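Next come two complexes built around chain A: one with chain B, the other with chain C.
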Partner chain A sequence: MSLMKKLLDLDQRIIYALMFIALAFPILNPVVLPMDIQEYSRVSFEFADSIPAGSVVLIEGGLGAATYPQGGPGLEVQIVHLLGKGVKIVFFSIGTETAAWTVTAIDNALAAMPSGVAAEDGVNWVHLGYVPGGESGVAAFANDIRSVKSEDHYGTPIAQIPLLANINKASDFTAVFWWGGSEGSIPYGIRQIVTPFGVPMTGMCTTNEVPNYTPYINSGQLHGILGGVRGSAEYEYLMDMPGLALGQAMATNFGGLLWAFLVVLGNILYFIARKEEGDN
Partner chain B sequence: MDSYLLGLIAGSFVSIGAYSVLIGDNPLSKFTEHLYMGILGGFIFATNWNYVRTNAVNPVLQGNFIYIIAILLSVMLFSRLKTEWLWLSRYPVALTVGAGLGLAIRTTVMSDFLGQITATILPLNSLDNILMVIGTVTSAAYFIFTAQTEGPYKYVNKTGRIFLLAAFGVTYGQTVSFRFELVIGRLVDMLRPEVANYTYLMLLLVALGLGYGYRTKKIKWYKGR
Partner chain C sequence: MSDRLIKMQIPIILTAIIGLIMIIEFFFPMPTAVTNLNVTLRSFVTIVSAAALILGTIVLTIYHGKKVGTKGSEWYYSIVYIIAFVVTAGLGVTNVRDTTFLWIYNNMTSPIGAALYSLTAFYITSAAYRVLRARNWNAAVLLVCALIVLLMLIPIGAILFPPVVPIGTWIRNIPSGAGFRGMIIGTSLGIIGLGVRVFSGRQKEHMGIREERRQE
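For the complex of A and B:
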C-alpha cells in the first residue's frame, strides 16, 4: 500500500489523538498569538459600555455545563463591567441547568469585583432563576414578570426585592443581554422583547451559531454579538481583564491550524488519487 | 480535599469516560452516558417540580383556584402512559402548541420577515452592500425549482449556488471551531495543576482497562474505517 493510500485510509483515532495534542499543548504551555477584535464583538462591547448608570438591564443566562467554559468568562466580565458602571441587573434563565450556571457566573463575578462597587443582592442585581415554557415562557415573562415568577432563584419573594419594585415587564429594562450559549434562543428575545417592546438587545452564542444570527445584526435587531470563546476573550481584552477565555482562544487557534492543514492535505491527496485512477 | 476539587476530579474522570467512545463503544463510555442522562433527568425533574410547586401548587393552597386548570392540564399529559387514555393528552398538547405558535407568529412577520427584507434593501455604494444584495437575491432564486436552469437564469442559479456554498463553508468552519471549544473547555479543567495528576492516572487506568478488554476480546474492537 502506497504512503498516499495509507494517509487517505488513516484511522480517525489517529486524527483524534493529534487533535487532542494540538488542543492540550497550548493549555499546558500558554502562548499568546496576536488577536484582532472582531467588529461584532466591538459593537456588543460598546453597546454595553453605553448603558447609563442607574439603568436596569435584563440578562438571560443560557450557558450550561458544555458552553460555560466558552461564554462564562465573558459573562463574568460583563457582570463586573455593568455593575462597575452602576447599572442594575435582572437575571433569568430559560433552562434548568443554565439557571444554576448563571449562579456560578454571578458568584465568580462578585468574587472578582473591585472593592467599592455596589453589588448587593436584591438591590443591584437579582437572579430570578428558571422560567419554563421556552418562547411562550419568554413572552409571558416579558409581559408580566409576576405572572411567571413569585420568588427569585434563592426563594426570596419578589415583593421583598427592592430592585423589582418598579419592574414588571420588558419595557422597564434599558437593554437586554441574551447569553444564549447553544440554546438557539436569541430569536426568542428578538421576537418577544425587541420587536414588541422596542428594547435594544445584544447577545452571546456559541461559535457555530454566529452565522445564524448575522442577519439580525445586519437588520439592526441585534447590536453585535459575542461568538464563543473568542467573543469572551475579546470582552476580557477590551475590559483589560485577561482570563480563562484568552488562553482557550489560543488553543482554538492551534486546533484550527491543524484542522485546516488536514483538510488541505486530504483534498490534495484525494485529487492526486483520483487523477491516478483516471490515468489507469 | 474540598468539595470543589472533588468536583473537578470527578468531572475529569467522567470526561475521560465520555471521550473514550472515540476509541470505540465500550463499557466505560456507556456507563458515563447513563450516569449523565440519569443525573440530568433527575435534576430537570427536581427543578421543574420546584417551579410547579412554587407557582401552581402553593397558590392553589392559598386559595387561588385558577391554577387548578394548569395543574389539571399538566396531569393530563401523563395520560399518554396508558394507551386507552392517550386522547386526553392531546388537549394540553394542542393548547401548548397553539399558544406557542400564536405567540411566535405574532412577531415573526416583523422580526424574521419584514426586518430581514428591509435589511437587504441597501444603497449599492459599497462592495459589502453589493455582495449582500446579490447574495441574497441569487441565493433565494436558487430555490426556484420550477424554473429551467437555462438562459439568464442559469447564471443567477450558479451565482446563488456559489454564495450558498460559501455560507455552508463558513457554517462548517464555525461548527468545527465550536467542537474544539467544547473539548478545550473540558481540557482547561482536566489539566489544572491540582487535577492534572488525577487525569493522567485515570487516562492510564482507562488505557490499561480497555487494552485488557480488547486483548481478551471481552470488549469488541471497533475497526474504524
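For the complex of A and C:
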C-alpha cells in the first residue's frame, strides 16, 4: 500500500490521539492567546451591562451535565456581573436536571462573589427550580408564577420570599437571560415572554445551535447570543475574570486548527490520488 | 350517551374550545374571567406534566424490578438503575441542598455527561477527514463554507485569518439565516395546520386513536 493510500485511510485511532493531544495540551499548559470578541457576544454582554441597578431579571437555567462545561462558567460570571451591579435575579429551569445544575452555578458564583456585594437568598436572588410542561409550562409561568410555583427550589414558600413580593408575571421583569444550552428552548422564551410581554431577552446556546437563532437576532427578538464555550470565554474576558471557559476556548483553538488541517490534508491527498488514477 | 360521543366527540369539542380560548387571548384583550380560566388551564399543564414524570419513573422502576425478579437478559444493569434511583431520589427528596446529593451530580453525572458529549469532537474530526471532500462543486462549496465558519468560530481564527470574520458572518446571517428563517416559518405554518386539524377533529392521534384509513 502506497504512503498516499495509507494517509487517505488513516487509522481513526491516530486521529483520535491527535485530537486528544490538541485538546489536552492547552488545558494542561494554559496559554492565553489573543481573542477576537464576536459581535453576538458583545451585544449580549452590553445588553446585560445596560440593566440598571435595582431591576429584577429572569434567568432560565437550562444547562445540563453535557452543556455545563460550555455554558456554566459564563452563567457563573453573569450571576457575579448582575448581582455585582445590584440587579436582582429570579432563576427557574424547565428541566429537572438543569434545575440542579442551576444550583451549582449559583453556588459557584456566590463563592466567587467579591466581598461587599449583596447576594442574599430570597432578597437578591431566588431559585424557583423546575417548572414542568415545556413551552406550556413557560406560558403558565410567564402569566402567573404563583399558579405554577408555591415554593422555591429549596422549599421556602413564595409568600415568605421578599424578592417576589411584587413579582408574579413576565412583565414584572426588566430582562430575560435564557441559558438554553442544547435544550432548543430559546424560542419558548421568545414566543411566551418576548412577544406577549415585550420583555427583552438574550440567551446562550451551544455553538452548533447559534445559526438556528440568527433569524431571531436579525429581527431584534434576541439581543445577541453567547455561543458555546467561546461565548462563556468572551464573557469572562469582557468581565476580566479569566476562568475555566477561557482555558477551554484555547483548547478549541488547537482542536479547530487540527480539524481544518486534517480536512485540507484529506482533500489534497484525495486530489493527488485522483490525478494519479487518471494518469494511469 | 353513545361510546363514540364520550370517546371522540366530547374530547374534540373540549380541545377546540380550550385551544381557541388560548389563541384568542394571545391576540385580543379578554375579560378577567377568561384570563383566569386560561391561567388555571395552563397550571393544569404543569401538574399533568409533573404527574407524567412521576408516572414514567414508576413505570420504569416496575420494568426494572420485574427484570431483576425474573432475571431477564442483562438483569444486572437493572440493579444498577434501582440502586442509583433509590439513592439519588432518596437524597433529593430528603434535601436538595444535601452535600451527598450534590456530590452525585457534580462528580458522577457531570463527568459522564461531559465525556459523552465531548466524544463528538473525535467522531466529527475522523468523519470529516474521510468524508468532507470536494468531490463535486456542491461538496466544494460546503467544504469552503465549513472551513470559513470554523475558522471564524475558533477564538484565534480572526487573528490568523482576518477575512474569515466578514465572510463567515455573511454566510451565517444571509444564506444560513434565510434557510433557518424559511424553516421556522414552514414549521410554524405546519403547526397552524396541525392545530386546525386537531380542532376540527381530523387529527385524532392525541386521543390515542389512529387516523382511519381512507377507503380507496
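In the analysis below, the second predicted complex is superposed on the first by the 280 of 280 C-alpha atoms of A that agree within 3 Å, B and C clash if a C-alpha of one lies under 4 Å from a C-alpha of the other, contacts with A are read in each partner's own complex, and residues count from 1 in each chain.
Basically, a contact is a pair of C-beta atoms (placed from the backbone, for glycine too) under 8 Å apart; a residue touches a chain by one contact, two chains touch by 3 or more.
Because the structure is a prediction, the values reported are computed rather than measured.
*Asks:* With both complexes superposed on chain A, which partner does A:G255 reach: first (chain B), second (chain C), both or neither?
*Replies:* both
*Asks:* After the superposition on A, what does A:D36 contact: first (chain B), second (chain C), both or neither?
*Replies:* So A:D36 only meets chain C here.
*Asks:* If you stack the two complexes on chain A, which partner ends up touching A:D279: first (chain B), second (chain C), both, or neither?
*Replies:* neither
*Asks:* Between chain B (first) and chain C (second), which does A:Q12 come into contact with in this model arrangement: first, second, both, or neither?
*Replies:* In the superposed model, A:Q12 contacts both chain B and chain C.
*Asks:* According to the stated criteria, A:D240 is in contact with first (chain B), second (chain C), both, or neither; which is it?
*Replies:* Neither partner.
*Asks:* Is A:I27 in contact with chain B, with chain C, with both, or with neither (first, second, both, neither)?
*Replies:* First partner only.
*Asks:* In the superposed arrangement, does A:P69 touch chain B (first), chain C (second), both or neither?
*Replies:* Both partners, chain B and chain C.
*Asks:* Just chain B (first), just chain C (second), both, or neither: which does A:Q221 touch?
*Replies:* Once the two structures are laid over each other on A, A:Q221 reaches chain B alone.
*Asks:* Counting only touches as set out at the top, which of chain B and chain C does A:T207 meet: first, second, both, neither?
*Replies:* both
*Asks:* From the superposed pair, tell me which chain A residues show up as contacts to chain B and also as contacts to chain C.
*Replies:* Residues 12, 16, 19-20, 23, 66-69, 96-97, 132, 134, 136, 139, 148, 196, 207, 210-211, 215, 218, 227, 252, 255-256, 259 of chain A touch both chain B and chain C.
*Asks:* Using the touch definition up top, name the residues of chain A that touch chain C in the complex.
*Replies:* 10, 12, 15-16, 19-20, 23, 33-36, 39, 64-69, 96-97, 100-101, 103-104, 131-134, 136-137, 139-141, 143-144, 147-148, 153-154, 196, 207, 210-212, 214-215, 218, 227, 230, 233, 249-250, 252-253, 255-260, 262-267, 270-271
*Asks:* Can you list the chain A residues touching chain B in their complex?
*Replies:* Residues 9, 11-13, 16, 19-20, 23-24, 27-28, 66-70, 96-97, 99, 130, 132, 134-136, 139, 148-151, 182, 187, 190-192, 194-196, 206-211, 215-216, 218-221, 227-229, 244, 247-248, 251-252, 255-256, 259 of chain A touch chain B in their complex.
*Asks:* Give the list of chain C residues in touch with chain A in this complex.
*Replies:* Touching chain A: residues 26, 38-40, 42-43, 45-50, 53, 96-97, 102, 105-106, 109-110, 112-114, 116-118, 121-122, 124-126, 128-130, 132-135, 143, 146-147, 150-151, 153-159, 165, 169, 172-173, 176-177, 180-181, 184 of chain C.
*Asks:* List the residues on chain B that touch chain A in their complex, please.
*Replies:* It is residues 22-23, 40, 43-44, 47-48, 51, 54-55, 58-59, 96, 99-100, 103-104, 106-108, 110-112, 115-116, 118-119, 132, 167, 170-171, 174-178, 180-189, 191, 224-225 of chain B that touch chain A.
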